[in-house]
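In the two assemblies presented below, subunit A is common to both, partnered first by subunit B and then by subunit C.
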Partner chain A sequence: MSALDSAPAEIMGMPRGRAVALTRWAIIVGAALALELYGRLFADPSFFQPLSAIARAWVNPIMSDERIVGALGMAVFEIALAYGLSIVVGAAIGMAIGGSNFARASFLPIVLLLYAIPQVSLMPLFVLVFGLGAASKIAFGFSHGVFPVIVNVVAGMRNTNPLHLRAMRSMGGTRADELRHVVFPNMVPSFFVGLRLAMTMTMLGVILAELYVSTGGIGYFTRVYAENYNPAPLFALIGSLAIIAVAFNSLVRVAERRLMPGRRPTARLNLSGARTK
Partner chain B sequence: MKSDVVAQRTIQLAFLAIAGGAWWFATSSGAISRLFLPAPDAVYAALSRLVGTNQFWNAVQITLATIAKAYGLAIVAGVLAGYLVTRSRFWMEVFEPIIAGLFTIPITLFFPMFILFFGIGPGSKVAYGATYAFFPIALNTIAGLAGADEKYLRAARSMGASRFDVFRHVLLPSAFPVLLTGLRVGFFICFASVLGGEALASIAGVGRNIALAAELMESARMYAWITFVVLTAVSLNLLVTSIENRVAKAEGMSR
Partner chain C sequence: MPVDTAPDLADAAISIRGVTQRYAAAGAADGVLALDNISLDIRRGEFVCLLGPSGCGKSTLLNIVGGLFKPTSGEVLVGGRRVDGAPHPDEIAFVFQESTLFPWYTIIENFRIALKLRGVAKSEWDDRAMEALRAVGMASFARHYPNQLSVGMRQRVNMARGICVETNILLMDEPFAALDEQSRMVLGEDLSILLAKTGKTIVFVTHSLAEAVFLSDRIAVMTARPGRIKTIVDVNEPHPRAPDFMLAPRFGELRNDLFAMLREEIRVAMASQRDPVGGGVT
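Up next is the complex of A and B:
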């Protein structure tokens, strides 16, 4: 029984789900209208522009400039590659560490220690070592994404019910059977928590590095627009990246729903990863 | 069991020793250019030189003040927003997905806008760090307050508790563990985003100094700064974890 359960089933003659969704959209549309009005009536045009001007700037110059479209495509590629690497390497390391109690107790503290390092402080180092191109951004995104995968895979393998394991063994299951039929299925929810977190972190890493390296790519254009007080294309460029981010997140969510039907994990709020038992 | 723990500690120490040894060996044998990885003693020398300078303490002071302001703002705004949103189930259902959805977009994207609005000084870093830390704090406040038991609320109200009494004696204690997670996550996000913001665009602070040392190719000084940040973050993390463990233990006992 939660504090908020005493709510009516209908609001103004609508089912409450629909009323909630309607209000939510009304707030979003209202906020967009307020920004438009603010941009038209009050704002200094060198700092803010109405949404309609931003939309025009999105068509031209953002989408009509080959270099910008190329830079956006490059960012998508970097995120995808860094994410793929994070999953593969993270799952491998996670399974190696989570495979036995001994390995977990030995190596998990080291992983958590590395995870606790604020990686932004290493950003200049990544650029120094990997150069100004895509490699440093992919490496930086990977270094952000791999830790949540490791930690959640380890946590997921630990989640196995010992009773199930004992049953498996007493019925003559091999170690491979154990992994295939007990450990992996139990690991899936926690694994997806890691995948979702890894997506957020990978994007953070790639975008941080993109903005830091201002000699080319997205960082160059954001810097040019910001320094020339030209907010409409700046907002349009940021908006395109936000759309890319939302698309990547939805992709993960769709995959989750496909592979884990009927289970809606609630651990969305747990961002530390390390805290998941 | 006991020998296991000894073996695990040995492995952990061996790992650190091997990492340190590899660092020393790679630099002294000349396998890696000193530009990328200076020798450990060079970094140590740079760090001890750095700690003696005014420049160091100025930068640390600016960054700490920025983090404190940003985190303070984020706590006030996050807890207040979480409290207001959970006053009715309806508004919580309306707003929670909006806040959670916004948080899945990397806020770093909007960093150029912070620079545009708040300038290149500490103000933009305060706003950026506060915005980033606001989300985990608000989301965890919502989760914590929404989990409070209806029976206790009704009991408190029927015994004549005021709004503030209910908040102070029912809502806050029951939301506290979840809220604490939010504050912890928020702090480290705030810490990292202020440093990142300083490295991206600023004129002062620790993050700026790391980026500056990298731009000037003064590797030893860059590593000295990084070492300082990493040590600070790791010790803060250990401190917070031990506080949390103590709180958890105290709670376990009172139950």
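Up next is the complex of A and C:
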């Protein structure tokens, strides 16, 4: 971070921002060209095809087949619902657990234990309980998304500045005032870290469930294309999922920028999921 | 032996009587004695500093006076009313370090919360807040967030927040500790001027000798743990005090006297930090 901050204002005779944007685009265009060349010159067409063919497959069949567009829409719906449930339930459980030392000491280890279970191993159970349709995907996405929300809400409630609480009490504030004016606002950055992690995890859960068993969703079409050695529409479909993922992540970022109270440094997401300032 | 300059009781804004505080601690059967039988009467409109080595319990005493902690024994009367481990926001306002401003609210929003909790009518919040901010020269920063201001500016605002609730008593817990020496002195000067106008009773915890001499009417020097009142020094200098006071010979004498008294306590405190009470881990 400091290395970036101390970078010169100009790189190769242009403003830093433009140089960064140019570099990004150069990487993307370079990668696309490399894939195109690889697809045309070297690849086995039953495993990979050039980008131009993938783009054509995206227009037809992916975007022109009602069933596939419907399946993509269904995936968006499943992710959105699983995500919404993760936030609401995760925040409620997180606040209940984070609300007192007793509750945190009693329940958090159990939550962390559940969080640590590789959930893919429970997939058959989800299908048995929730069936082959959307319900099992939503449940599986929720089971992935809810934990990061809980853990980050608890963490956010925990690092309340004791001096803020004491100031609140000295002004005659009740426990409700403490929660409203100190604990909750203090929790918000950590909550958003949880939301971003939860977005990624929810999508992972829904897509895993789709791939595991699907009777007409994106998982079904993915399997059809893969098993028929038809890579162009397969990659086009995966590309559509990537676009959906980017769109959801942007939504969370916009929400964060709008809703974050106060002028504070935005919490950054690093690989360990911890908060940095 | 506790020193008690008993003024006329009707005059006492705060009366501390035989306050003792023990903390439970591992390895010490009956806990660690933090404050030992402290008695002190503080007159209305008086500025009293609690000065002592770190860990002597001066902040603990302040928190007991403010009703944030409950003493193990003894009592505190504020305006004749017994403080029983509960804050009296109608009588007492606290000023802590500048970091107690809520960073997620703008300055004016911080003030509104204090005024709301004090029971001030909503229509008066902004007028009262702006008045207090003007008094410390910070009115133009009402809509800023705390971390857009410098540490010194934040502490001005924080002081104003303590003043805007218009209590008779202000308790200040090392409010300038995070400031550099120069800002400390300037803020101290402003505080001295401000307080001469309001006539508030103030108890101020500090470990800065110069700050204590410059601001106080009386300085209660405390011993190393267990905290007792070692002696009380009268400053006898009218408020508001000009910065020239710091250059007066009397200022230097008082400060040197205080330092001589504190030095042995600081040595005791440092020795006990190397060898914690009861052999427990501190």
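In the analysis below, the second predicted complex is superposed on the first by the 250 of 277 C-alpha atoms of A that agree within 3 Å, B and C clash if a C-alpha of one lies under 4 Å from a C-alpha of the other, contacts with A are read in each partner's own complex, and residues count from 1 in each chain.
The definition used in the following text is that contacts are C-beta pairs under 8 Å (C-beta built on N, C-alpha and C of every residue); 3 or more make two chains touch, one makes a residue touch a chain.
Because the structure is predicted, anything quoted here is derived from the model rather than measured.
*Asks:* Considering only touches as defined above, state whether A:161 meets subunit B (first), subunit C (second), both or neither.
*Replies:* In the superposed model, A:161 contacts subunit C only, not subunit B.
*Asks:* Applying the document's definition of touch, where does A:231 land relative to subunit B and subunit C: first, second, both, or neither?
*Replies:* Only subunit B; A:231 stays clear of subunit C.
*Asks:* Does the superposition put A:67 against subunit B (first), subunit C (second), both, or neither?
*Replies:* A:67 sits against neither subunit B nor subunit C.
*Asks:* So in the superposed three-chain picture, is A:177 touching just subunit B, just subunit C, both, or none of them (first/second/both/neither)?
*Replies:* second
*Asks:* With both complexes overlaid on chain A, does A:257 touch subunit B (first), subunit C (second), both or neither?
*Replies:* A:257: touches no partner chain.
*Asks:* Taking the superposition as given, does A:169 touch the first partner, subunit B, the second, subunit C, both, or neither?
*Replies:* second
*Asks:* In the overlaid three-chain picture, which partner chain does A:185 touch, first (subunit B) or second (subunit C), both, or neither?
*Replies:* second
*Asks:* On the A-aligned overlay, A:18 touches which partner chain: subunit B = first, subunit C = second, or both, or neither?
*Replies:* In the superposed model, A:18 contacts neither subunit B nor subunit C.
*Asks:* Counting residues of subunit A in contact, which comes out ahead: subunit B or subunit C?
*Replies:* Of the two chains, more subunit A residues are contacted by B.
*Asks:* Can you tell me which positions in subunit A touch subunit C when the two form their complex?
*Replies:* Checking each residue of subunit A against subunit C gives 161, 163-164, 166-167, 169-173, 177, 181-182, 185-186, 188, 261-264.
*Asks:* What part of subunit C is in contact with subunit A in the complex they form?
*Replies:* Per the stated touch rule, the residues are 66, 68, 87, 89-90, 92-94, 96-97, 99-100, 102-106, 113-114, 117-118, 145, 147-148, 165.
*Asks:* Where on subunit A does subunit B make contact in their complex?
*Replies:* 1-7, 11, 16, 19-20, 23-24, 27-28, 47, 102, 105-107, 109-110, 113, 116-125, 127-129, 200, 203-204, 207-208, 211-212, 222-223, 225-226, 229, 231, 234-235, 238, 241-242, 245-246, 249, 268-272, 275
*Asks:* Under the definition above, what is the set of subunit B residues touching subunit A in their complex?
*Replies:* 4-5, 7-8, 11-12, 15-16, 35-36, 86, 88-90, 92-95, 97-98, 100, 104-106, 108-113, 115-117, 136, 139-140, 143, 145-151, 153, 171, 178, 181-182, 184-185, 188-189, 191-193, 195-196, 199-200, 206-207, 210-211, 213-215, 217, 219, 222-223, 225-226, 229-230, 233-234, 237
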